[in-house]
Amino acid sequence: MSSTNASLKTDGAPSIEELRAAGVLPSREQLAQRPCVCVECIEEIPCNPCETSCPQGALTVGDPITNLPVIDRDKCTACGACIPACPGLAITIKSLSGDLAKIRFPWEYLPLPEAGEEVDMVDRMGMTVCRGKVVAVSNPPRNNRTAVVAAEFPAERVDEVISIRRKHE
Amino acid sequence: MSGEASSGGRRIASHPILGEPEAAREVTIYLDGAAIAAKEGEPIMSALVAAGVGVFRHTKRGSPRRMFCGIGRCTDCVMTVDGIPGVRTCVTPVREGMLVERQEGAGSWKGGEGHGRR
Amino acid sequence: MNSSTDVLILGAGVNGLSIAYELCKRGKKVVVAEKAEIGAGASGSCDDMILLQSKKPGILLEMALGSLELFRSLREELPCDIELDTKGGMILIEDEEQLSLMEGFVAGQKSCGLEVEIVGRSRVKALQPLVSESVIASTYSARDSQVNPLLLMKAFYLGASERGLRLLRGAAPVSIEPRAGGWATRLASGEEIESGAVVNAAGAWASQVCSLLGFELPIIPRKGQVMVTEQIPPIGATNVWSAKYIASKLKPVAARREAAGAAQTPEERYGLGFAFTSTHSGNYLVGSTRENAGFDKGTDPEALALIGRQVRRFFPVLANVNFIRSFAGFRPSTTDGMPVIGEVAGRPGFFVAAGHEGDGIALAPITGKLVADLVEGRTPGYDLEKLSPGRFLGAKGA
Amino acid sequence: MGVDSKPAVVVGAGPAGLCAAIELKRAGAPVVLMDENGKPGGQLFKQIHKFFGSREHSAGTRGFEIGRRLLADSLELGIDVRLDTEVVGIEPGLGVWAVERRSRSYTLEAGCVILATGASENGLAFPGWTLPGVMTAGCAQTLVNVHRVLPGRRVLIVGSGNVGVIVGYQLLQAGAEVAAIIEGAPALGGYGVHTAKVRRAGVPFYCGTTILRAEGEEGVERAVIAKVDRGFKPIAGTEETLEVDTICIAVGLTPALDLAYLAGCKPIFVPELGGNMPLHDGYMRSSVEGVYVVGDTAGVEEASTAMEEGRLAGIHAAYALGFLGEAAMRERTEATWGRLDSLRQGVFGQKRFAAKARILAEGKVRA
Amino acid sequence: MGSGDEKHICRCEEVSEDEIRAAIRSGARTVQEVKRWTRAGMGICQGRTCRRLVERMLCEELGLKPGEVEVSSFRQPVRPVSLKSFED
């Protein structure tokens, strides 16, 4: 077990420290500047749909395809095409605007949340960290049933929040 | 909750990836005499699971069993079907009016009825 | 590595282990050398019957009756259950010709002291409610029995082990040489074992062992394919066989047809016989073929289809039953249908106990006793002249 | 080399078998594809997640969609697909013994046989594992994704390899609750991206933890788990009880060796790929002339590697039967190996790559 | 009957871990011998589920490495075959 992956390999999800060490967490300054793609893919696996899905060529895996994806933030338009393309559901797009953070994340559960809905925002361990509001849900056919949900929540939770709490009976 | 429906099984109506279930004709099978709704083409196992049936049989030592592998490899899900003991319910499709019985041990021949069928 | 022992037995089949058990009980130091594992030959790939009815009156029937008595005491003394059952047996009769043949056969057996009778259709139906309408009568003997050969071997092995048996696996003999007062046997493992006596209980491989001493015996492997059903509720009160099989033994139609140049039917080619016995676990063993196929241990769909159709003919209810396994064993078969039990003339201390063909399980207890007697130099309780190796070796001996 | 009129028989219409049959048919070789199920695709139709890899490996496509595509290809090519056909034995001389619809037994003489029979799920024995409610992860996956019924409401998954984690995710998608995923080893087995999506749904992972027993009268009512020491022995005093009605066992797969064994193929023991499997070479040839082994049968990996292995065997079998020239065979083989190699890279792939390399080195004896 | 304390290795034949260990301790040395003495692996699944578990126990009891246990045999048919499949 490598020490950098201690949390990923024992708890199932990467810790903030691991993500930072892997260089995949954008800084608050970057987030305030523009929406930033966060690719939480920190193990070398043979996979590159993020690269081929990007119309701008902003995501690069290259050869060998086990390379970790590299983002060129200058090329990225935050179009979000990579979010449903990632088989690992590891990509989100986050931004900061004043005291509100916004996240767009992949979602493959029913029921789909609805715009305007108040929800629990969860961190990578599935713990509720704050309340938030769904602002948009898109699930066009090209997503192949991976919906993309956008939600807003308090800015101070921007590093922790990864998704929303799943509702089930 | 009765023993019949203790397993909490149910049909998955709508699915985020698989969408709506394909329309299938409904057929009725009988478990130890009680009518159970099943979908044409599905194995006996899934009709019983959907109906919340928790025990398919007891072994000769009296231990309860349901399904284990679900694909016809193990014996766990066997039941007496139309008088024939030891039928693997996970790979045997339902048929209208099918008589399914929980069997104890190897079951019995029910006087040999039903063996000429099919 | 060398070691010495009183008796070296070649083969850990049911007879080798029975002999080992008996000798250990009598205080002998015994080594069993087995080329593969316990029961790797016929004893692990056979059915479970102790069938008295099929034996022609004479020494084999006498030995079988003696063996059955021994089984009853073994059941009490052996260290694990052997699933001995006496639920009787029936030989199903399908036509008048078989009926008259079986009437004569049964009369002979009765005169030898076997309780056996011919029963009519209504009794057949009472004992075998699921049997086909085509069965017109049957023999019935309450004494036909069965035993689990796998557990029997285990029991002999455990019983002998408690008394000092050493079992060597993967230990085929590569040479057997006379030594002062006995024999020196080199095994494939490299080990050499000196022993006062060597018992060749190598079943279908017995002649190969003899060839290490420069002679051969007419013991050949007869392949028997058997299928095993899934566990099912009981089919009837007894185990069953078919008269057709006995008839073919008594009046070999195939041989007649072959002599007349007629083509063999698949049934004849495979030497198909019918045996249908249930085990304690509820599986049925359905047999079987009797083939000359060398040492090919495979089973084939054509033979299994013949066996399957045959059992369905007698028990149509089986159409919906699965068979889950098939196996083939090499029944060690001799030219005169009798086993070879005795010391080889001119080779003092070298004994053969092989060639039991289909009777290996049934005769194992008596074989153990007889061979132990021979090894100890005692006079056995049966006249073994007809079983002696010498009958195949001519005046010169080996 | 003359053209053999006997067909190539492919056993198993999963990803490996379908690809093998497609390659053969494309080359013009007669091919019969047999599968015991009523529907081809093997495990692909149970796999509803998007696949990894690159575009040429159909990355980003869901398993069942790959299944549909391969199926459409095979139908378009007119492959003789025999469904509900169980291959139950192999005779010397490549006689394939098949049983159709559990009611008709026949044998078919094959020019060559490609075994693509997959793998079977390993068991894990603990008191109570025979209780209703304990099942293999594959069983639960079949129920939710193929038959669309939920086997239970609250599930414990034993084993954190990709199978356990993916089935956990799919149970969540089907509407069940997953109480936990436990793993005996000190670290999780599955891909981090898989575990992460399950974890963010609130499912806890417990490493160094085993199941002690399942409890319940006529079915699972509880599972008792405990921490284990380095020797995998449970540590007294660490027991914990989980209220669950379903326990899924996901502790690895073993290659289906049965038909290869009957055909006389020499086995090799490779623990990284599931235990004993038939020895094979770079064309997926076993030690027995005319018998190929592909996919999980040749060492447990993934659907994407299985497809490429199927292609390798199909290409070589087409050549061996006289339907493909040597140059074309070599060229296609090389291209396939290129894709296969790229799949066996990275933290997870390297181990498999090394294990495969060991098999191929041993298997070269025939090549 | 509840879950009990017995740990079955062979689900089909309900053969317990204790029975299998006892067989090995009393002299069974191969998967085949364990099968013949205890019935583990003789059920309808033909040992597909318990074979690996028995192999592991042989390793533990006899101090063998995994892979040193001889591959135990498979027999035809590898799936249950209904007798009706043999048409006349």
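In this document, chain identifiers A, B, C, D and E correspond to the written order of the chains, with residue numbering beginning at 1 in each.
In the analysis below, a residue touches a chain if its C-beta (ideal position, glycine included) is under 8 Å from a C-beta of that chain, and two chains touch if they have at least 3 such contacts.
Everything numeric in this text was worked out from a predicted model, so none of it was measured.
With contact taken as defined at the outset, chain A and chain B are each touched by D. In summary, the chains found to touch both chain B and chain C are D, E. Taking each chain's centre as the mean of its C-alpha atoms, the one that lies farthest from the centre of chain E is A. Top-ranked chain pair, ordered by C-beta pairs in contact, is A-D. With centres defined by CA atoms alone, the chain at the far end from chain D is C. Comparing per-chain C-alpha centres with the mean over every protein C-alpha atom, the closest match is chain E. Rounded to a whole number, the gap between the C-alpha centres of chain A and chain E is 48 angstrom.
Centre-to-centre separation of chain A and chain C, using mean CA positions: 72 Å. Chain C and chain E have Cα centroids separated by 26 Å.
Chain B and chain E have centres, each the mean of its CA atoms, that are 27 Å apart.
Contact of a single residue of chain E with at least two other chains is seen at positions 1, 4, 11, 14, 43-44, 48-49, 75-77, 79-82, 84-86. The set of chain D residues that touch two or more partner chains comprises 36, 62, 89, 97, 103, 105, 120, 130-131, 173, 175. In chain B, the residues touching two or more other chains are 15-17, 59-60, 63-64, 68-69, 72-73, 75-76, 86, 118. Pairs of chains meeting the touch criterion: A-B, A-D, B-C, B-D, B-E, C-D, C-E, D-E. For chain E in complex with chain B, the residues that touch the partner chain are 1, 4, 11-12, 14, 43-45, 48-49, 79-80.
Across the complex, chain C is touched by residues 89, 91-92, 97, 105, 107 of chain D. Residues of chain A that touch chain B in their complex: 108-110, 112, 145, 147. Across the complex, chain E is touched by residues 36, 86-89, 97, 99-100, 102-105, 120, 122-123, 125-131, 213-217, 254, 257-259, 261-262, 267, 269, 271, 275-276 of chain D.
Within the complex, the chain A residues that touch chain D are 1, 5, 8-14, 40-49, 52-53, 64-66, 85-90, 108-110, 122-127, 144-146, 162-163, 165-166, 168-169.
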